[in-house]
Structures are given as structure tokens and as C-alpha cells.
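Take a look at the structures below.
Both complexes below contain chain A, partnered by chain B and then by chain C.
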Partner chain A sequence: MSAAEHRAARPDAFPANWTSRVAWIGLAVYTIYATSILDITWARFVTGLDNGAKFLARMFPPNMQADKLDLIATGMIESMQIAVLATFFGVLLSLPLGLAAARNLAPSWLAWSARGLIAIFRSFHPVIVSILFVKAVGFGALAGILALIVSSLGFVSKLFAEVVEEMNPKQVEAVRATGANFWNVLVMAVFPQVMARFVGLTVYQFDSNIRNSTMVGIVGGGGIGAPLFTAYQRFDYDVVLTILIIIIAIIMVAELVSGRIRRIFQ
Partner chain B sequence: MSAGALLSLRHLRKEYRAGQPVLKDITLDIDANGLTAIIGPSGTGKSTLIRCINRLVDPTSGEILFEGKDLAKLKGGALRAARRRVGMVFQEYNLVERLTVIENVLTGRLGYVPAWRAFLRKFPEADVTRAFDLIDAVGLNEEFATRRADKLSGGQRQRVGIARALMQEPALILADEPTSSLDPKTSVEIMELLAEVSANRHVPVVVNIHNVDLARRYATRIIGMTGGNVVYDGPPTGLTERDLAHIYGGEDFL
Partner chain C sequence: MTDAAARAPRVWTRFSPTERIARSMLYILTAAAVVWSMKAVDIIPEFLYDAPEQTADLFRRMWPFDWSFYPKAVHDALIETFHIATLGTIMAIVLALPLSFLAARNFTSNPILNFIAQFIFVSSRSVNSLIWALLFVAIFGPGALSGVLSIAFRSIGFVGKLFGEALEEAQPGPIEALTAAGAPRSMILVKGYWPQVEPAFWSVALLRWDINIRESAVLGLVGAGGIGVALDAALNNLYWDQVGLILGVIFAVVIVTEVVTSTIRSRII
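Moving on, here comes the complex of A and B:
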């Protein structure tokens, strides 16, 4: 066989992946289509920028009156309490739910039921869940806490189940080989492998619960959301700015603290 | 079955895929002493054989007679109780990486200690003392006890693996390629340790091993496997080049 023939017989080293090409083209076409349908134009964007600038100008300076600060402090403290309680109970319940959803530990009927439950918890935004709980238990922090427990459960147990599924089966096998029962395997082979990641998820969820706890109030779930929304509607943009600054400050502090906590549980 | 046998395999057969047996009708007696080395080419079922014994792999058919019970038929609590009597040492050590050395050694007691005690690390005092003694005995300093397993070298990890197996107070230790991930010098040290365990602690050891020289040097009995069958069974001195050619197929490697 000549060299040329030999070359011709070889397969293409980088064959075209038509499925992926079609997917990319489809995405591009849809983006253009959706943009045209939704009346997204440059002119509107420019006008919007102008409005935004006026709006920002009206926010300054932030309102620092004592009575406003008092109101904001009360709301903010309630938001923090919502975040802490929702994280605590949400994460506590995520532990068994996540384990039940892990296909390498739980029998498949249990894993699939747990996954179904998690999917339901994850299907709605916390604000929508808040509306349901406000209807059920009335206005106030309890509704917000329950709503955020649901969203914490959805997020933490789903990712925790994935962490458990990714653990090293050899370590588990070795502990099982000593004659350990399921609970002992859980305590001495599974937990040591996944706990650091679980703490990481918890801290992340706490971060996100702080953010969300400022929102559930808009629909009556307690916390800073209600004063914030009221201030918007009364055009008290200086109060809005004060609240936003405080929220940003708290979230930055939470970010710092969570980084520390994560490092402790390496 | 010979009267003195601790473990008797009878017509053991394992098919991962139906009709394609990895183990074909293995019948063996393992006595309550000595170090038995199983040699043979990769993929010949050595690992499967060892893992069938403590049922990490379920055999397709056959009997595994051990301390008066057929392990092949056990389930649930009875199987776990039987597993407590069989220590296992792994090729990749299989320590729980994020636990300390002594916690890993104490996992050898998990067949006896309830989960809440393990969770609170409230192991019986006698177990903790014994764990320290074993860490010493396998050649690690006691200050290793509180070091995390992922901070150890391969040889040190395998020593912890052996201590964990001994912690079970087993009637038998199975070692699945215990030296294959180690350098030559450390391999010798680990085989020496296993030979010492079988000789001085009177715990019989069955070891899968690729290194024929190590097998010859430390084993009291060699079992040669090829194609899912036992083709040599006898003392290391009786193992000839012809036997090896039969076991591994061809003579080029000799």
C-alpha cells in the first residue's frame, strides 16, 4: 500500500460533531427570534439608561433619620432571623433527604421518591412559595421561614445527594468489609467523605437565604422586604438607598464569615 | 474437606455476565496457618476469588465454608457477623482519607460497636488501647495515631490497612494485591509484615500477588491460577519454570 492510500484509509482525526453544531445554530436562531418578538431595541435601552440616572439621582443622599433607621433595623433583624432559622431547619432536613436521594446508598424506589420530592421543592421561586405560605399561615416571619426552608431543602439536598454519589466507593467497601452495619458505614465511611462539602453547601445556602430573606417580605413573609417595597411605592428613594446599602453591607460580611467557616472544615 | 481446614471453597463459580465464568469450579482448602499466595495473570479471577470469600462479590454458585457456616448463603446480620471474622487488606489501602490513623484502625471494630458510639468516638477503652498497640506493632510510631490518613505515604497507609484488619481480631486475613501500588522496597516490608502476622499472630493470610519472587520468598503455599482455574497448588519450592509458563502462558517473560 502506498503512503497516500494509507493516509486515505485513516479516519478523520477531528470528525464534525453535527449534533452540537445544529444545537449552536438553533440557539443563535432562537436568540434572534426572541429578541425581535420581545421588542428589545437599542433606543429603548438608551432611554432606560437616562431614566435610571434620574432615579439614582433622586436616591441621594441616603435617608439617615433615626425613626427610619429604627424601622429598618427592626426589619433587618427579622430578615436575619428568618435566614438563620430557615437555614438551620432546611439544612437539618436536607441531610436525611439528600442521603435518601443518593442512588449509591438508597434503594432505587426511595432514591426516586426523594428525587421527585426535591424536584417539587425546586420548581418554584422562594417568592412564589412565600405567597402560598402567607395564604396558609398568615402574614409574618413564619411564612418567610417556611418558604425558605422549602427552597433550602430543594437546593441543599439535591447537591448533597450529588456529593454523596461522587464519594469514593472503595473507602465505603473497606468499612463494609469489617462487618459494619449501614449506620456504622454512614458514620465512619460516608460522613467523613462528604461532611466538608456539606458544610460548604450549608454556608452557601445561608448566604443565599440572607438574600432571599430580604425578598420574602415583599409578599408578606416578614423581614426587611415590606419596608423596602413600601418605600419604593411611596417614592422614598432615599430610604430605599439606605436599605440597599445595609443589605449590601450585611451580605459582604456574610461572604467573609462564610469563607472563614469553609476554611475551618477543610 | 480436610479436618484442619479453616476455609473450604467448594465448586465456587462466578459469572459477571451469564455464560462467561471468571471463576470456574474452584475447590480449595485454606488451613488455619501460613501465608497463601495466589498468583496468575491479570483478569484471571484472583481478585474475584478473594472478594467472593467475604462476599464483597456474590458468587454465582458453590459453597464457602468458614467456621461452620456457608458464607455463600448468608444475608444481612449473619453475613455481617461472619465478615467481622475476616480482615481485608486492599491494593489501594482504601483508608477513609479524612479520618485519622487511629480512627481508621478503630473502624476494624465497627462490627461490634454501635453507630452512636462510633459517631461520638466513644469506642471502648480496651479497643482504643489495642488500636494504639497495633499502630505500634505494624511499625508506625504512636504519634501517627492522630495524623490524617491522607497525609501518609503509600507504605504507611498499607500498614494502617493491616492494623485495621488485625483490629477485627480476624480468623483470616485476605489481601488483594497489597503491594501492587508500592515501590519494591516498601513491597518487601509489607510482605514481611504480612508473613509476620501469619507466623507470630497465627492469623492465616491469603494474598493475591503479581510479584512471583515475593510470593516465593514469603508464602508457605502458592496457588497458581489461569483462566479461572487453579493450575498449581503446592509449596513455593515446588513451583517450576514450567508451572509458571503454564500459569502465565508462554515463556518469553521468564
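Moving on, here comes the complex of A and C:
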């Protein structure tokens, strides 16, 4: 009896999965195809690395002159204000919008129109929305605030509606059985169940608004984005580096703080 | 009497005093932050007076869309945007997978390596994709290459963090069984970890692809290729009917992407 026959008698512990193999090969073929379509070549990459070395050399050391730091501080504070106001109003408005989109509370015509509105808000990147608001209300922080309110509305109301749909219906029925009106049901049965998750969403959105408020300035929406883009266009890469370091530091601090806040409200 | 007196102080309160103080402090802080921002933020009232008029004007200029612009400049840019988002996601996954194994504390038991991987994830997520695009355009010049790289670098943190967390939640049972059977480390990875984290992997990849389609639409504003380049040109020329067309196309693509991802998700996960 040869060794090959002996092996054939045993069932394979891990049979080959041909569907997934074909899918992986397809993905690899696509990658090669798309790379060639986009004209991404090794030569370009190597030239780029050369440029990158020059770029990094111009970035270091970061520019710490007092007048530059002043300018950056003003921009950064404005970014924070944009984030605070956009989160506040965005979250305030997503409370009714989220409730309207919850299919277990709102009548279906209202739920579907609210869902349509949310889909529109969600599909555009905050930068595109702020381009439109810059045209509507002019350059400055207001355009950025309005743009981030729209994106906060899209995100928070969608997830808030999902939270409301997942809540326990028994408490709603109990409060309703006492003859309570709609507002009483909201305050006594719905909010106590969903508020903790809502605060969590708010904190998450504040985090993401801080990130986004640093770039609405690139299209004229106020905040640190404007000085960043100007410095970039003037090839003041050392100032760009300073701004980037400050942005990263602030976002890391914001992430720590929001983790703490979430723990308090759990 | 004594019974009631003994029971009286045991009034149910929802929060302990420390919790109540922490919450009140947060409410006060929030209010203070909002008031401070309202007072300090620079809003030019003159711009606000004609805002409704400007908005109406904006929509009047956008409609009807300039459909002839679609075959000329939008179609190719749209395809490019799709490739940028997809290639960027693939590249991000390739770069993030090894890092997420380094970040998972049950796979890598070296705290220094864990920390390095976490630090890379946080830095990647802190820099916005548009800012990554600025950096890569300065290095590689305008074009799709910069777009792909900025999408990839922005996504590493997202994919790596979520996939690393999925790895940490993997059951140790199958891994111990494979170790006991004498499987090499590569086989433990493929047959022990992978089947457990595969659903998480696909859901993270699809979610990020969905986000990247949206993000890649704006990269062109700073020259990193895709439909944003056409949008930037139309905006600078004040051809609002072309802007309207591009926005409509982006909206349609985003909706289609969402339908596709939710279909795939319900099929394979």
C-alpha cells in the first residue's frame, strides 16, 4: 500500500473553498487593473519619494514664531467654536428629526420623509456642504457651522432613530395605558431608555466635528483650515507642520475627554 | 413606627452624589462652552441679510442641470473617483492588517509594539483625508496617486482600530486547540483567528469603502484626482448648472453604494 493511497482515504480537514479563492483572485486582478488605469507607476512613486525628502526637509523644524503661533491660536479657537456650536445645534435638531424617523413612534409618511431628509444630509461630504453655505451666507465661521450642523443632523438622527426603534415597547405601552398623552410618553417612557445612547452619540459627533472643523476652512468656512491652506499654498511647510501637530494634539485630547464623558453618562 | 423610621432614609435615588456632581459640572461646562462660542464667533450680519436671496439664486442657477457636461468631464472623473476609493480601501486594509495584529493584545504580548500600533492608528485618524491629500499632492504631485494614498492613510487608523478590537474579542478555545495540535503560527492565524474575525473584517471593509466613496469625491478640491477636480473647475468658473449636475451625480453614487454595501452585508455576514 503506497503512501498516496493511504492519504486519500482520510477526509480533508480543511477542504478548499473555491468561491472564496475566485473572489480573492478577482480582487487581485482588479487591483492590478485599477493601478494601471490610474497611471500609478513605480517610477512616479520613486520620484515622489525624492520630493518627499525635500518636503520633509522644508517641514522641519516646525515654525514656532510668536506671530505665527498667534495666528494659529486664533484659527484653532475659531475651529473649536465651530465644533461646539455645530454639535449643540445639530444635536438639538436631531432630537426631533430622529424621533420623526423612528418607525415605531412616527406615522409612516413622516418616518419616510424624515428618512429621505437624513439620506440627503448624509450623502454629501461636509466640505461640499460648506461650499454651498459659503455661497449662501458668505465666507466665515457661520458657513462652517451650518455645514457641520447638516452633517451632525445626518449622522446623529440616523443612529438616534435606530436606538429609538430598538427600545423596549413595554414601558411605552405601560405609560400609554395610564392615559398619558404623546409628550408624557416621550418624557416618561422613551427618553429614560434612550438618553444614555443619545449622549454617547453626541460625544462621538463632537469628536468628529472637531476633526471636520479643521478643514471646512479650506473652502472658506472659517477656522484653522484657512491659515493651513494659505501656508500650504505659500510653501510655508514649516507652518503647516506646526498646525498639523497642534491639530493632532487637540484631537487626541478631545478623544480622551470624550471617553471620560461617556463613562460619566453610562 | 420604628419600621418606618428605619425605612425612611432608604429613598431610591438614581445617581450617587458623585455622579450627580459630575453630571451637573458637565451641564454647566457645556452651557459655558456654547455661550462663549456664541459670543466669540465671528458672524458678519451684513452677509446674513441676503442669505435667503443668495440661496434661491444658487438653486435657480443650478437648475436645469447641464447634462452635456456629463460625457465631457464628469463620467471619466466619476470612474476615477470609484477607483481611488476602492484602491485606497484595499491599500488601507493591506497596510492595516499587520498593524492590527500588532495592536491586538492577545496576539502580540509586547506592550511597546501594542503602543506603537495604537499610536499609528490615532495619528492616521487625527489627520483629515483632505489634509492627507494636501501632503501627498505636495509630494507626488496632483493626480489619482495622491488621492489613493490619502484615502489609504486616512483609513488605516479606522480599519486597524476596529479590526484589532475584533481580534481581541476572538475566543481563545480554537487557538489553544490548534496550538496543542502543534500547528505553526501561520496556520493558527489562518485557521484559528481568521474564521472568527472574518465577519468583522468584511463589515469593517465595507463600511470604510462606503465612507471612502464619499470622501474621495472631495479630494479633487485640493488636486488629488477624481470628481472633485471637475467640481472645483465648475465652482471656479461659476458654472452652477455644472455644479448641480456633479452634486446630483455624487448623490446618486452615494445612494447606489449604500444599497450595494447593505446588500452585500446581508448576504455574506
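Heads up, the rule we're going with is that the second predicted complex is superposed on the first by the 213 of 266 C-alpha atoms of A that agree within 3 Å, B and C clash if a C-alpha of one lies under 4 Å from a C-alpha of the other, contacts with A are read in each partner's own complex, and residues count from 1 in each chain.
As a convention for this text, a contact is a pair of C-beta atoms (placed from the backbone, for glycine too) under 8 Å apart; a residue touches a chain by one contact, two chains touch by 3 or more.
As the structure is a prediction and not an experimental result, all values here were calculated from the model.
Applying the stated contact rule after C-alpha superposition, one finds that A:136 touches chain C and leaves chain B untouched. Once the two complexes are laid over each other on the shared chain, residue contacts for A:261 go to chain C alone; chain B is not touched.
Of the two partner chains placed around the shared chain by superposition, chain B is the only one that A:173 touches, whereas chain C remains out of contact.
Ranking chain B and chain C by residues of chain A touched puts C first. By the touch criterion stated above, A:39 is placed in contact with chain C alone, chain B being left untouched. Residue contacts after overlaying the shared chain place A:252 against chain C, while chain B stays out of touching range. When the two complexes are overlaid on their common chain A, residue A:187 makes contact with chain B while staying clear of chain C. With both structures placed on the common chain, the touch criterion links A:154 to neither chain B nor chain C. Looking at the shared chain after the overlay, A:217 reaches neither chain B nor chain C.
Looking at the complex, you find that chain A touches chain C at residues 14, 27, 30-31, 34-35, 37-40, 44-45, 48-49, 51-52, 55, 77-78, 80-82, 84-85, 88, 119-120, 122-125, 127-128, 131-132, 135-142, 145, 211-212, 214-215, 218-219, 222, 228-229, 232, 237, 240, 244, 247-248, 251-252, 255, 261, 264-265. Here chain A touches chain B in the complex through residues 168, 170-171, 173-181, 183-189, 192-193, 195-196, going by the rule given at the top. Contact residues on chain B toward chain A in their complex (touch as defined above): 54, 56, 77, 80-88, 90, 92, 94-99, 103, 107-111, 113-115, 118-119, 161, 164, 168.
Across the interface of their complex, chain A is touched by residues 19, 22-23, 26, 30, 33-34, 36-38, 40-44, 47-48, 51, 54-55, 58, 80, 83-84, 86-87, 90, 122-123, 125-128, 130-131, 134-135, 138-141, 143-145, 148, 191, 214-215, 217-218, 221-222, 225, 231, 235, 247, 250-251, 254-255 of chain C.
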